[in-house]
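Below you will find the structure I want to go over with you.
Order as written gives the chain letters A, B and C; numbering starts at 1 within each chain.
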Amino acid sequence: MDFLFSYIALAEVYVLLGLSTNLLVGIAGIFSVSQAAVFGVGAYIVAQLLMTETMGFVPAMLVASLVCIALNVLVTLPSLRVSGDYFVVTSFGIQLLATAVFINWTQGTGGANGLPGIPPPDLFGVMLETNAQLVMLTTVSVGLGCLAFWLIMRAPFGRLLRAIREDELAVAAVGKGVLQAKVSAAALAGAFAGSAGGLYATFLSFIDPVSFDLDASILLLTMVVVGGARTLAGSIIGPFLLLALPQVLTFIDIPTTIAASARQLIYGVLLIVFMLFRPQGLAGEKL
Amino acid sequence: MLALQLLVNGLVTGSALGLVAISFSLIYSTTKIFHVAHAGVYTMAGYVAWSLASRGMPDVVTLVVTVAACMAMGALIQHQLYARLERRRATPLVVLIASLGALAVMQNVIAAIYSPNILQFPVPWGSQMVVLGGVRLTWTQILTVLASLAAYGATVWFFHRTILGKQIRAVASNPFLAEITRLHPQRVYIIVVGIGSAIVALPGILVPLDLGLQPYSGITPLLTATIAMIAGGIGSITGSFVIAVGIAVLQNLSLLVIPGEWSIGITFFIFVIFMLFRPTGLFAAAR
Amino acid sequence: MSAAYLEAAGLEVRFGGLLALRDCSFTVESGRITCLVGPNGAGKTTIFNVITGFLKPNQGNVAFKGQSLDGLTPQAIVGTGIARTFQNLRLFVDLTALDNVLVGLPAQAGEEPIGAIFRPLHVARAQKRRREEALATLDHVGLADRAHEYVRNLSYGEQKLLTVARVLATGAELLLLDEPASGLSAGALDGIMALLRRLQSEGKTLLVVEHNTRVVQQIADEVLFLHQGHLMATGSPAKIISDPALAEIYFGGAI
């Protein structure tokens, strides 16, 4: 039962990441391989704030979200001057830079050994320590996240983003701010990713740079691609499916030395296959 | 003198990086595709060469077979992946994701077959030191500089003085016009990606000859190379090469003041400066 | 003497070695339908791009109601009351006709995420009113019964009407229409000409790029003849169309 709780809680954290990636990549059309980096920033911030007992869980989550919002906004703002491929380079750059920081800034992130012993979250004075309690927290968080996503998409903002994805020029020609909308989408994506990071840190009580590297960003992209872009359903299906994959793989006898490579290989294949034959994913709209 | 040694090291690394930059620049300026899988072809070169050298193949054979294999891989990706996606009128985002998938597949197949650990080339003469004017160089490093300059020269000559080269540049600057004047853009794309992949095989062999082989270390040089391409002006072969050397020299010189793990920060910082002040690059090709 | 409604002075636009606009000057009077004609490549769409801020001229400037448009973003220019359509439509294909119009409505609640998430009821109520506005605009161009159709299911004629509806939604008083009548059947043509005249009677000013001489004759109050990026002649439709020298340029021979 505990195992099932772990799977669900983790999957829900990744659903938040899926919503984040969907906002950025699926809806705003910004190619991003740095989602894992932002996820990591959120995780490390919450971890440090809780471990140093600087503040409680909820304020820590708020701080993490704000920092991640600022990070994403900073990255998307200069896009006014240059073409879309600027984003690609920036995104890779941020991801690689973040990994370098996570591994080398031992003071802040514990370096390659990571941060063990992250305290459990506290909500209104109550410590959430059992897996069942943690699952309730993640479920409520994911529920709020999905609600926010749904509200955004049915509001004029959602329609504006869809129009931008189709034809930015035409949107500018009817007097709407394209850059502001994209930056807002990126900011939201940052909030989702930062919160996911905070939940992840307190749930696992241990984090290290491996969870937040380029391979992790590729996994996030794969989730959105497989689950389906731009829809709530796709953001939920993708993570649940792909997190079940390692369990499925254990039934096949793969030596542990190549297990990680095997997983990443499968993600790569999934990306290619879906882009070639089913760009809308299982439950999404065409990318 | 340390600074002089670092400068020379920078020139060595930079010349290899220059080839990555010009090969990527060729592909990007012609096909307009941000071919991240190029990092995979770069990585593949080293491992193919290693396999052949380890089996006692003569160096010339190793070189030729490796270059041919890379050319074939590049052409395969263009023909089977990118061309198909173009026929389905896929957005650049879709192509980028597919390219990322191809990169993940290549890197992880290599990691699965050869192990993720560092492999060394069994070539004893390469590591012999030579002392020139107070600076220490290995034969491999000297070879790297010479080979890179030769390849750079050959590329410039090919694209500016041969008919095929000029045809390729014509397609690059105006695919629509090229289409109606019987230049067949798709065929040109395969040729260009093939040539680019052949060129990148050289640093793909030479750099690991010096530093060892690793499956996942292709993306960082690729990122640096794309920054060199953008800063040097997309479409300018010389611009990409010169800036690549410049970046490598700066990275090495920065070691005087900053620890080596942060060198990617330098690259990224240079990129941000260019994006803010000269987004079209230093040597933007005249149209 | 009051400033002209729309005035372009000495516009020059270069693309590399190509001179798209060459000392191009003209005025457009308020409340009239002015047609911009000329052979292909004369620079008509380039003029639209300059007026609407998508292209910065190498020289010269444009003033609207006495205010210079120099350096304004396309969005700001829409804010001053000028909006344009595109020759290749550029509709949002995966959205419905209604949504296409809704995107153009200015200053809506919920167009940014904070409002969308924290004031959903307010946004929903505001959207209800906006929907009615958008439906009225669609009705105005005769597309009310196609409001909930996706653009890809509309006929070409209906799509052209939709581009006009979208530009009307912005509330602009000066409409720049790029070939609104091209590719239409006879019936649809009459429909769109009637629409343009109706818009004029409601106080809109129209600057229309048009190739069809029948359309120009029937709707234009004034014609600007453009050739090789320079204004060659202005006048009434009758005068311009009957001028043999202009016809030579336009058709390569008399009509």
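Please note the rule applied: a contact is a pair of C-beta atoms (placed from the backbone, for glycine too) under 8 Å apart; a residue touches a chain by one contact, two chains touch by 3 or more.
Everything numeric here is computed off the predicted structure, so don't read it as measured data.
A.B. asks: What pattern do the touching chains form: line, ring, star, complete or other?
C.D. replies: line
A.B. asks: By number of C-beta pairs in contact, which chain pair leads?
C.D. replies: Result: the chain pair A-B has the most contacts.
A.B. asks: For chain B versus chain C, what separation do you get between their C-alpha means, in angstrom?
C.D. replies: Those two chain centres are 47 Å apart.
A.B. asks: Centroid from C-alpha atoms only, then distance chain A to chain C, rounded to Å. What do you get?
C.D. replies: That gives a centre separation of 42 Å.
A.B. asks: I'd like the Å distance between the centres of chain A and chain B, where a centre is the mean of that chain's Cα atoms.
C.D. replies: 31
A.B. asks: So in the complex, which bits of chain A are touching chain B?
C.D. replies: 25, 29, 31, 33, 78, 81-82, 84-86, 88-90, 92-93, 96-97, 100, 103-104, 214-215, 218, 221, 225, 257-258, 260-262, 264-265, 267-272, 275-276, 279, 287
A.B. asks: What part of chain C is in contact with chain A in the complex they form?
C.D. replies: 52, 54, 73-75, 78-79, 83-84, 86, 90-95, 99, 102-104, 106, 108-113, 115-117, 120, 123, 127, 130, 166-167, 169-170
A.B. asks: Which of the residues in chain A end up touching chain C in this complex?
C.D. replies: Residues of chain A touching chain C: 148, 151-152, 155-160, 162-163, 166-167, 169-177, 180-181, 184-185, 187-188, 285.
A.B. asks: In the complex of these two chains, what residues of chain B are touching chain A?
C.D. replies: Per the stated touch rule, the residues are 28, 34, 36, 81, 84-85, 90-98, 100-109, 111-112, 115-116, 215, 219-220, 223, 226-227, 230, 259, 261-262, 264-265, 267-268, 271-272, 275-276, 279.
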